[in-house]
Every structure is written in structure tokens, then in C-alpha cells.
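You will see chain A twice below: alongside chain B first, and alongside chain C after that.
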Partner chain A sequence: MWQGLLAALSPTNLFVEVMGVLIGIVFGAIPGLTATLAIALFVPVTFLMKADSGMIMLGGIYAGGIFGGSISAILINVPGTPASIITGWEGYALAREGKAPLALSLAALSSGVGGLLSGVALLFLTPLLSSLALTFGPPEYCALLLFSFTIVTVMMDTPLLRNLLGCFIGLLLTTIGLDPVTGAARFTFGSVDLMSGFNLVAVLVGFFCMTEAAFLAFEGLDRSASDGVIEFGRGHSYRELARTLWTRAATYLRSSTIGVLLGILPAVGPVETPFIAHTVERKFNKKDEKFGKGSVTGLIASECSISANVGGSLMPLISLGIPGSGAAAVFVAALTLHGLQPGPLLFKSEPALIYSFFWGFIAVNLFMLLFGVFAARYFAVVLKLPKRVLATFIALFSILGSYAINNSMFDVGVMFGATALALWLRALRVPILPIVLAVILGPLFEQQTLVLFTTSNSIGDVLGRPIADGFFAVTLVMLAGSVYRRRAAPRPERSERESKCCIST
Partner chain B sequence: MLYFNLISLLLVVCGAVVLGLQTPHIAESARIYPLVLIVLVVACSAVVAVKEIAGRAATEPLDTRIAKMFSAPLSVRIRVAGFVATWLVYAWVLSEAGFLVATTCAIFASLWLLKIRHALVGFLSAAAFSLVFSILFATVLFIPTPAGPLDQLLTQAIYSIQHKGTQHDH
Partner chain C sequence: MKRSLSAVVSACLLASALVAQTVNAEPARPANYPNRPISFVVSYPAGGGMDVTARTLAAQMERVTGYQFRVENRGGGGGIIGNTYMATQAKPDGYTVGILANPTLFLNILKQGAKFRKSDLEPIAGINFAPVAWFTRTDSKFGKMSFNQLIAYAKTHPGMVKVGVIPNASFDMATRIVEKQKHVKFNIVPFQGGKPSIVALLGGNVDVSAAYYSEVAQYIKAGTLKALAVADNSPAAQMPDAPTMKALHIKMASGTWGADRFAAVPKGTPRAVRNYLADLIHKTLEDKATQEAFDKVGINVSVKTMAQQQRSYNEGYVAVRDYLKSAGALKAGR
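Coming up: the complex of A and B.
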């Protein structure tokens, strides 16, 4: 283990750690370019390096890419990667209050802490936690996903029926393409492009980036707006930042734990994790009125869980050979390129490489934290650009990002379609959040539901699973509580709540 | 506003019905899940529509940012529409014109529509930005972009510079 530490601190590895983080941040900050894409593009480059250096560099790109996504999310409300949607809500609201440097540094600190904790978990708990992933079957997945849908649907202030409608529309959108179990084509209307459904990244770029570009274009022209420039914000003290480590220690720990635990589950990646961590944290911070609208706790929960998820997703990959996320799946390809077979034997055959990679992952997160806290706030100069310039470049990168996913203009069309849909539904006051959640979790939900129905002989097969039962019970209690609360609320309050628009969502 | 909401909800129902009409063509085992969702979308839309008519649903007109946009002067709305149209056209001609030409023109048109102060500076910045990013995409970030005649010339130039460097090393 200690040899791995020395290897991770060798000059070559230190260099690739810094380079990996920087490349990742650049990719992550550009809308549409995801961490997975960056890793996939740089796998051939690592072939020129030693296996441990190559893996560390990919780890750096992964971690940097995930953090990079929050920079554009915080500064211009355009999530660089789909994982940064929640960070965008909290961080952009803070930036609008003139606290952009604080939001960026806080995101870096939370991201770094989450990554470091997941790195420690990687070092000491990999075999133990990976075995936990194997206890998760279709009932547990279905229960967890239903829990997520319910939380988002009932917790939002907008009318329950509209939230539900958004959720169902999102789920229906994900049924377009090939059936995940039988492979039968659905709603493709003979189009080959529709066979694989709508690309998630293109849809999310349309929902968040292009719509924001249109709004910024308008605000840049609007004379009633200040001067077409967003307030840059003042600096902050590092003591204030460090203080969050103990004043919000529970949030850091809870969100990191959620991130790691969800990370080890195959198919629950960094995109889904912040939604769950954020909603759980909301339950613990009921008095925080700014939650979802510029809450420091919300930002920490989101960033911590995303970064912790990165480390978590590498656990089953290393110990079982099962990738915990899309990006982790690309790691399998990288390991194979270097002649290594991920799985239980890797620990025995290449312990030096594994521990070098684990320590390298910790170092990468440390670099990311330092870079983010001390340098990322300089990214905030972006806010000094006039809104019209921001709008132009957001539109450009939205199109290029959508095109780069598959080198296909079809994805660009999907992105424009998603933009139109988002604007239309906003006008109809159907919130975007349930749709986004449904689009992200829909394919997994359908797959697990179908497997559950196919493999279960009776209801007892589901009720005999304690983890699933726990999730179902909490879901039912929350649903009943929410319906009761809405019914019990006096009429004026209900009307007020129902008339709220879906500005942030 | 009521009419907008009702027509929108009707469109949602129509969309769901169109998908519903497709379900008989889908293999039986693969059609149940989408069919359930179609029913749920139609039912939800219908209930929301009924509540709208009964006046029990929200009466607030539009999302604030969209409402502001609609109430802006006509010239501003035309410019925003032009901005959107510029990027739609950009996506349309990108494959044919190539990255360099299409991006330069689109950035300039967009900035001009959004009232940039100096048109010449805008054009030169757009051209410089396209060139720098074209080189970055090709040599550092390895992101493929649609190639037109100018892009092909640039690729050849980059290749010959890199090739000369390699020969020089040998």
C-alpha cells in the first residue's frame, strides 16, 4: 500500500495528475462535453504511458470533468455536465447574489472533500462495499427509483398534478427507441436515428443550455436590466470557507456516504446521485428556506455526492469487474488496453498498480480541491462578459457539444427540440425537474420494473427484501404526508402555492 | 391564458394519442409499459384541464422570464427571434459550410443581432475564435468538427507542420 503512495507521488505521476485534472476541468466546463467523453477521447493517449500513470490520468480527467461541470453551472446556469444540474440551481442563485467566488470555491471544497472521502473508501473498503452492490436486485432498484420520483414530485411547491404530468411525460419520452429487454422498436416511425432513443446529454443541453442562451440574449437587449453584465461578486475569506467543514460536517459526511453507496450500484452514476443526496439533505434542513434557491448546504450536498460517486463507481470496477457508471465502463476499456483484466484477481496480480491508482486518485482530488479553491474563482471573470456575448457562446457550445456526442446532426435537432419543449412546458407551468429526473432515471426504472415482473412469482418475492421494504415504506409515508399536508393547508396558502411558477426548475 | 393552457394540454393529449395509436405495431411484451404511461399522461392532462376550466388551478399567466420576453418591445422580440434563427441556420449549414466559415458567420450574426458596438471588431473576434478553436479541437481536444473546404486546408497545414516537426526530429 505504501509503495503505491510513493508511486503516486513520483514526478511523472504528479504531472499526469495535474494534467488530468486540468483537461477534465476544461472538458467539464464546456456544455455537452461530458467526463465520459473526455475519458474515452484520452484512452488512446494513455496507451503511451505506464499503466498506473495512464489510469491516474484518466482518474484525474474523470474527477476534473465532474467538477468542471459545476463551473459553468454556477457562473451562467449552464451545467457543463448533466451531473451539475443541482449545483447550477444552488450555485447560480448564489452567483446572482454576488457570491460567485464563494460558490465556486465551495463547490471545489465540497467536490474535493467528497472525492477524498471516496478515495479513502476506495483504499480501505473496496472489497467490502462491492459485495453490498451484489445484494441490490430489481426490487431494491425499483424501490429506490420510486423513492426518488416520489420525493421530487411531492416536495416541489408547484401543483402536484403538474409535477406528476411532467414526470409521466419524461418517462414516456424515454420509451422512444428500442425496448431495453426485448429489443423491439417503439415509436421510431421508421427512423434509424430514433432506434437508440433521444440522447440524454442532447436533451439536457436543450433543457438547460439553449434555453438559458435565449434568456440571456433577451436580457442582454433588455434596457430595464442593469448593464447586461452579471454582478461579479466580492471575494471571500478562506476561514469562512473552511468553517463549513465543521458547521456543516454532517452534510459533508451524509452526502459523501450517499455518493459512495450509490456509486457502487451499477447504473446509478453521478447524474442521478445529486438528486437523491440533495433531497435527503432537504429533509435534514427543513428550516433552510433558501434550499434549492441558493443554499450553501444544498450546494455542498450536490457537489460532495457527485465526487464521492466517482470513487464509489470505481469500487465494483476494480474488485468485481463491474463498472458502476458509464465513465467507469470506459475505464474497463483502458485497463484492457494495458493488458489488465479488472476483477478480483487484479488485487492479487497487480497490487502495486491498484494501490498506486488509489493513492493517485486521492492526490487527484487534492489537486482539484486546491486548484478549485485558489484558482477556479478566477473563472468568475466570465461574469464580466456582457450577457449578449455569453448568450452567443452558450448557443455555440450547446450546438457543438450536442454534435460531438455522436458526430451527428440528429442530436443537434434533439437538442433544439428539447429547448422548444422546455420553453413550452415552462409556459404551461409544468416544472422541468420531474421531467429531467424521469428522463435520467426512466430507462433504468423500466428495465428493472420489467425484470422484477418477469422474475417474481408472487408479491412475497418483493416483500421479503428488507432494503426494498424500507424504501417502499418511506415512499408511502412521504406520499401520504404530502397529500395530507396539501389537503390540510388553508385555501389561500394552497392557491399561493399553486400559482408559483417554475422559475428555478 | 386559459386558452393557451387548454390548447397546450390538448396538444399533450394528442401527442400521447398519436403514440398510443402506434402501440398495436409494437411487440406485445414491449407495449405494456408505454401504454400505461400514455394512459397516465392523458388522465393527468385531462384532470389538469378540468381544474383549469373549473378555475381551481393556478391563474398566474406565464413563467416570469417568458412573460417578460413576451411583453418586451417588438424590436427586441424580433432580435431574439433572429438570434434563435441564426443558431438554427448554423446547425443546418454547419455540415456543408464547415466549422470555420459557419462558426465565424454565426458568431458575427449573433453578436450583431444582439447589438454589439463595433461590427468589425466583432467579425475579427469571431474569425479568430473560430480559428483558435478549430486548431484546439484538432490538436489538443481531439473533437471532430464538420469539415468544409477551409477546414480541410487548415487540417493539411496542421498535418504538414506536425510532419515537418517529426522529420526534423529524425
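Coming up: the complex of A and C.
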């Protein structure tokens, strides 16, 4: 184990750690280019290196990419990767209060802490925690997914029926494509491109990036407005930043734990995680009135959980050969091409490699933290650009990014379609977050319920699983509580609720 | 003495002439080809078995031939999007080579009604064939059974043995062929992809999984999983102990139900270019270092020449069509 530490600190590995983080941050910060894409692009580059350096570099790109997405989410409300949607929600609200530097540093700090904690877990708990990936069968997934759907419909302050409508639209969108069992084409109208359904990344880029580009363009072209440059805000003290480490220590710990645990599950990646971590933190911070509208705690919860998810998703990958997320799946290919088969034997056959990778991952998160806290503010230079120029760049990269997913123009069309839908729904005041969650989780929910129904003979097969029962119970309590609260509380001002809904989209 | 010497000399000359003859039979390099990198199109996203196959082949081709090769992923729709692109849109100029897999391609045509025909693609080399196999956990009650004992158990417990498969693929179809011929009923559980099915097997949510050896190699070596049978008629090199269909008296087409990975060019690629490419790939695959490189990534190369691959391409098509016809799943008009 300690030799791994030395290996991770060798000059070559220090170099690839820094390079990986920087490449990741740049890719992540550019809207439309995701961490998964960056990893896939750099897999061939790692062939020039030794296996451990290559893996560390990919780990750096992954961690950096996930953090980088938050930079653009905070500064211009455009999540650079889909994982940063919630961060954008809190961070952009902070930025509008003139606290952009604080939001950026805080994102870097919580990202770093989440990553470091997940790195420590990776180092000591990998074999133990990986078995969680196996104990999670169809009943557990179904219960977890029901819980997630309930969270979004019930916990958001927008009217309940609109949230449900959003969920419904999202689920409807995911039915397009081949039926997972019969292979029958659903709503494809004979088009081959529609058989795989709408690509998730293309849809999310349309929902968040292109839509924001359109708004920036409108604002930028509005001559009556000011000079068309967004305010950045003043600096902050590092002491204030460091103080959050103990005043909100519980938030850091809880969100990192949620991130690691969800990361281990093969079907749940960094995109879904912050939704859950954020809601859990809201429960623990009921007095925080700014929650969801620029809350420091909310931002920490979101960033910590995403970053911890990265380390979590690497656990089952290394010890079981089962990737914990889409990006981790590309790791499998990289390892395989280096002649290493991830799986239960890798720990025995290549302990040196694994421990230098684990230590490398911890170092990567440290570099990311330092870089983010002290240098991410220079990214704010983009705010010096006029809004219309910014809009042009975001639009350009949105198109490029959606094309790059599958080298297909069809995905670019999907992206534009999603933009149109998002603009229309915004005009109708239907919140977009429930749609997003339903689009992300819909296919998984369909598959897991299918498997659940084929494999269980009676309801006892489901109720005999304690983890599933736990999720069901929490879901029921949340439902009951929210119904009670909504009936008891006086109806909030209509305008206030709606302005909230628009910030959140 | 002198005479015999001259006989030897002339024999040598004759032999060398013959050798020269065979060397000349190798297709000559077409004029001005290739003058830019050649693309290997893979119909699956980066990271899967097909992608690894194509990337390893590309690297080895560069080493052996000195030309440049690129891998291009056109994923989506379980392969149908990339396959349709290769058959209908790719330029037949020798710079686009599909690294494709059967029977997926045939199923696109015969079951899903893809907008291309089998003749739109010309196979130029066979890379490897990985048969479907059935695996179970060694510490489960099926781990102590042979395949025939499992069948006997399934007969007395209809619909109770849970078999994880990927629906509408060889995994599913090979399992159903066994069901039909042995007159048993499994509980066939659909998964989206090989990994989820293996996870369910390891987690005890299914009893048996149909998968490829490469997906479970680590678990076989660790002794967690064992192979019950192979869906082919000749033993698989990596699991020689698993009984074949022939040994179990199950009638199944050879070399069909698994992943038949091959290289193909779009119809209309100039003959000289096609033959030259086929020869380059063949030469690369025959190379010992190439086979070692493939072994390292868990792929067992089984080289087929252009003629051999075209034959198995045509035979496989008929086998898949016959199966779909008997299952009532053949797309109208095919």
C-alpha cells in the first residue's frame, strides 16, 4: 500500500495527475463536452504510458471533468456536464448575488473533500463496499427509483400536478426506441435513428446549454440593457471558506457518503446523485430558507456527492469488473487494452498497480482542490465577453458536443428539439427538473421493474428484502409528510413559486 | 554425380519459381492506395468487446502494414445504426471497413426490418468467434449439477430455473433452442447487456446466465462461476471442459449463436482494393504477435480467409432465418 503512495508521487505520475485534472476541467467546463467524452478521447493517449500512469490520468480527467462542469454552471448557469445541474441551481443563484468567487471556491473545496473522502474509501473499503453492488437486486433498484421520483415530485415547491406532468412527459420520452424485451419498435415511425431512443446527453445539452445560449443571445441583443457583461463580484476570505469545513462538517460527511454509496451501484451515476444528496440535506436544514435559491449548504451537498460518486463508481470496477457509471465503463476498455482484466483477480495479480492508482486518485483530488480554490476564479474571464459572444460559443459547443456523442447529425437534431421543448415548457411554467430526472431514470426503471416481475413469484420476494423495505418506508413517510404539509401550510404567493421554478430550470 | 547435382539445382530453381508464383498470387498494392488513414467502423460505443476487438486490430494492422488505421464508434440501437451506416451510407472506396458482428447484423435485417440487405456488405476476413455459453455460480445448487442434470431439474420444476439473457440476441435464441429441443421451460429473464446479467448471477437474482467467456473469465479463474455448456458444436478453446451442443445431442448450427466478429466493406468497393485489404487483415491476424496481443485482451483469434468468412456469412444467414421462421419472428418480406 505504501509503495503505491511512492509510485503515485513519482515525477511522471505527478505530471499526469496535473495534466489529467487540467484536461478534465477544461472539457468539463465547456458546455456539451462531457467527462465521458474526454475519457474516451484520451484512452488512446494512455497507451503511450505505463498502465498505472494511464489509469491515473484517466482518473484525473474524470474527477476534473466532473468538477469543471460546475464552473460554467455557476458562472453562466450552463452545466458543463449533466452532473452539475443542481450545482448550477444553487451556484448561479449565489453568483447573481455577487458571490461568484465564493461559489466557485466553495464548489472546488467541496468537490475536493468529496473526492478525497471517496479516495480514502477506495483505498481501505473497496472489497467490503463493492459487495453492495451485488446485494442491490431488482427490488432494491425499484424501491430506490420510486424514492427518487417521489423526491422530485413532492419536494419541489412548484405545484404538485405540474411536477407530476413533468415526470410523465419525461417517462413518455423514454418509451421511444426498442422495447427492452420484445425488441418491438415503439414510436420510431420506421426511423432507424429513433430505435435507440433519444440520446440522454443530447437531450440534456438541449435542455440546459442551448436554452441558456438562446436566453443569453436575447439579453445580449437587447440594446437597452447595460453593456451586456455579467458582473463577477468581489473576492472572499479563505478563512470564511475554511470555516465551512467545521460549521457544515455534517453536510460534507453525509453528502460524501451518499455519493460513494450511490456511485457503487452500477446503474446510478453522477447525474442522479446530487438530486438525492440535495434533498436529504434539505431535510436536515429545514431552517435554511435559501435552500435551492443560493444556499451554501445546498451547493456543498451537490458538489460533495458528485465528486464522491466518482470514487464510488471506481470501486466495483476495480474489484468486480463492473463499472459503476458510464464513464467508468470506458475505464474497463482502457484497462483491457492495457492487457489487464478488471475483476476479482486484479487485486491479487496487480496489487502495485491498484494501490498506485488509488493513491494517484487521492492526489488528483488534492490537485483539483488546490487548483479550484486558487485558480478557478480566472475562468471568470469568460464573463468579460459580451453576452452575445458567449451565446455563440455555447451554441457552437452544444452542437459540437451533441454531434460527438455518436458522430451523428441526428443527435444534433435531438438537441435542438429538446431546446424547443424546454423553451415551450418554460413558457407554460412546467418545471423541467422532474422531466430531466424521469428521462435519466426512466429506462432503468423500466428494465428493473421488468426483471422484478419476471424473477419474483410473490410479493414476499420483494418485502423480504430489508434495503428495499427501508426505501419504501422512507418514500411513504415523505409522501404522507408532504401531503400533510401542503394541506396545513397556507398557499404561498403564486408569483414567488413561479419565479422559483424558472430559476431552477 | 554431375547429373544429380544439376537435378537438385533445377529442382531448387523450380521450387523457388513456385514460391515466387505464390508470392505473386498475393494481391498487388492498388495504385495510390491507401493514401490516408483507413477507418474501422464499430457499431457499438467505446468500451465494449467489439470496440476492444477493433482497437486491437487497428493497432496490430499499423504495426504489421505500416499504414494508419482509425477506430470510429457509431453506437446506438444495439448496433443497428452503425450497421445501417456501413451498408447504406459508407463510401465503397476502401477507406471505411466495418468491424461487425453476427448474428446481430442478420437480426437487424431479418427481425427488425433494417433498410439494407445481406448483400450490401462484403465480408473480407473473419476475426474471431465467441460462442454463447451458460454459466452458474459454483456455490449454488446448480453449481454441483452437470448440464443434463440441470435440464432434468428444469423438467420437474417448469419455469423455476431463472436464466438471464439479453433478449433478441444469440443469448436468448440459443437458450430457446435448448428449451425447444429438450422440452423444458426456463424462466427467461431479460437484461440490457451482458454485465447486468452477470451482476444478477453473482448477486443470486438469477440461477444461470447466458454470456460470453470473456465477460466472466475472471470469475471462472477465481472459481466463483463455472461453465455449464457451450452453444456450439466444437469445444471452446478457453473452456475445453464445457460440453458442446453436439455432445449433449442438441441440434444447433455451428458457429452461429455467439459473436461472429468479422471485417466487411460496403458493396461496390473496387475488387483490387477489397482483395488487398482482405490480404492485409489476413496477414496481420496470422501474425504471432497479433494473436498474443488479442490473447492479452481476452480474445481468442480464429482467422478466416475472405472465402471462408463469406461461406459462413451465407450459412449463418440461413440458420438465423430458419430459427426466426420457426419462432414466428421473421419480418414480413424477408
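The rule is short, and it goes like this: the second predicted complex is superposed on the first by the 484 of 505 C-alpha atoms of A that agree within 3 Å, B and C clash if a C-alpha of one lies under 4 Å from a C-alpha of the other, contacts with A are read in each partner's own complex, and residues count from 1 in each chain.
Here is the rule we go by: a contact is a pair of C-beta atoms (placed from the backbone, for glycine too) under 8 Å apart; a residue touches a chain by one contact, two chains touch by 3 or more.
Keep in mind it's a predicted model, so treat the numbers as computed, not measured.
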Residue contacts on chain A - larger count, chain B or chain C: B
Contact-wise, after the overlay, does A:T247 reach chain B, chain C, both or neither (first, second, both, neither)? neither
For A:G137 in the superposed arrangement: first (chain B), second (chain C), both or neither? second
For A:Q3, select first, second, both or neither according to whether it touches chain B, chain C, the two together, or no partner. neither
Applying the touch criterion given at the start, work out whether A:L450 contacts chain B, chain C, both or neither, answering first, second, both or neither. both
Is A:T12 in contact with chain B, with chain C, with both, or with neither (first, second, both, neither)? neither
In the overlaid three-chain picture, which partner chain does A:N407 touch, first (chain B) or second (chain C), both, or neither? both
Regarding the shared-chain residue A:T182, is it in contact with chain B (first), chain C (second), both, or neither? both
So which positions on chain A get touched by both chain B and chain C? 181-182, 185, 407, 450
Listed in rising order, chain A residues that touch chain C in their complex are 40, 43-44, 47, 133-138, 177-178, 180-183, 185, 192-193, 195-196, 199, 266-267, 320-323, 329-330, 332-333, 336-337, 339, 341-346, 406-408, 443, 447, 450-451, 454-455
Seen from chain B, its contact residues with chain A in the complex are 4-5, 8-9, 12, 16, 19, 22, 26-27, 29-31, 33-34, 37-38, 40-41, 44-45, 47-48, 51, 57-60, 62-66, 68-69, 72, 76, 79-80, 83-84, 87-88, 90-91, 94-95, 103, 106-107, 110-111, 114-116, 141-146
Given the complex, residues on chain C that touch chain A span 45-48, 51-52, 55-56, 59, 72-78, 80-81, 84, 111-112, 114-115, 162, 167-168, 187-192, 195-196, 198-200, 202-206, 217-219, 221-222, 224, 296-298
Seen from chain A, its contact residues with chain B in the complex are 26-27, 33, 41, 159, 161-162, 164-165, 168-169, 171-172, 175, 179, 181-182, 184-187, 189, 210, 213-215, 217-218, 220-222, 388-389, 391-393, 395-396, 399-400, 403-404, 407, 409, 412-413, 416, 423-424, 426-429, 446, 449-450, 495, 498-503
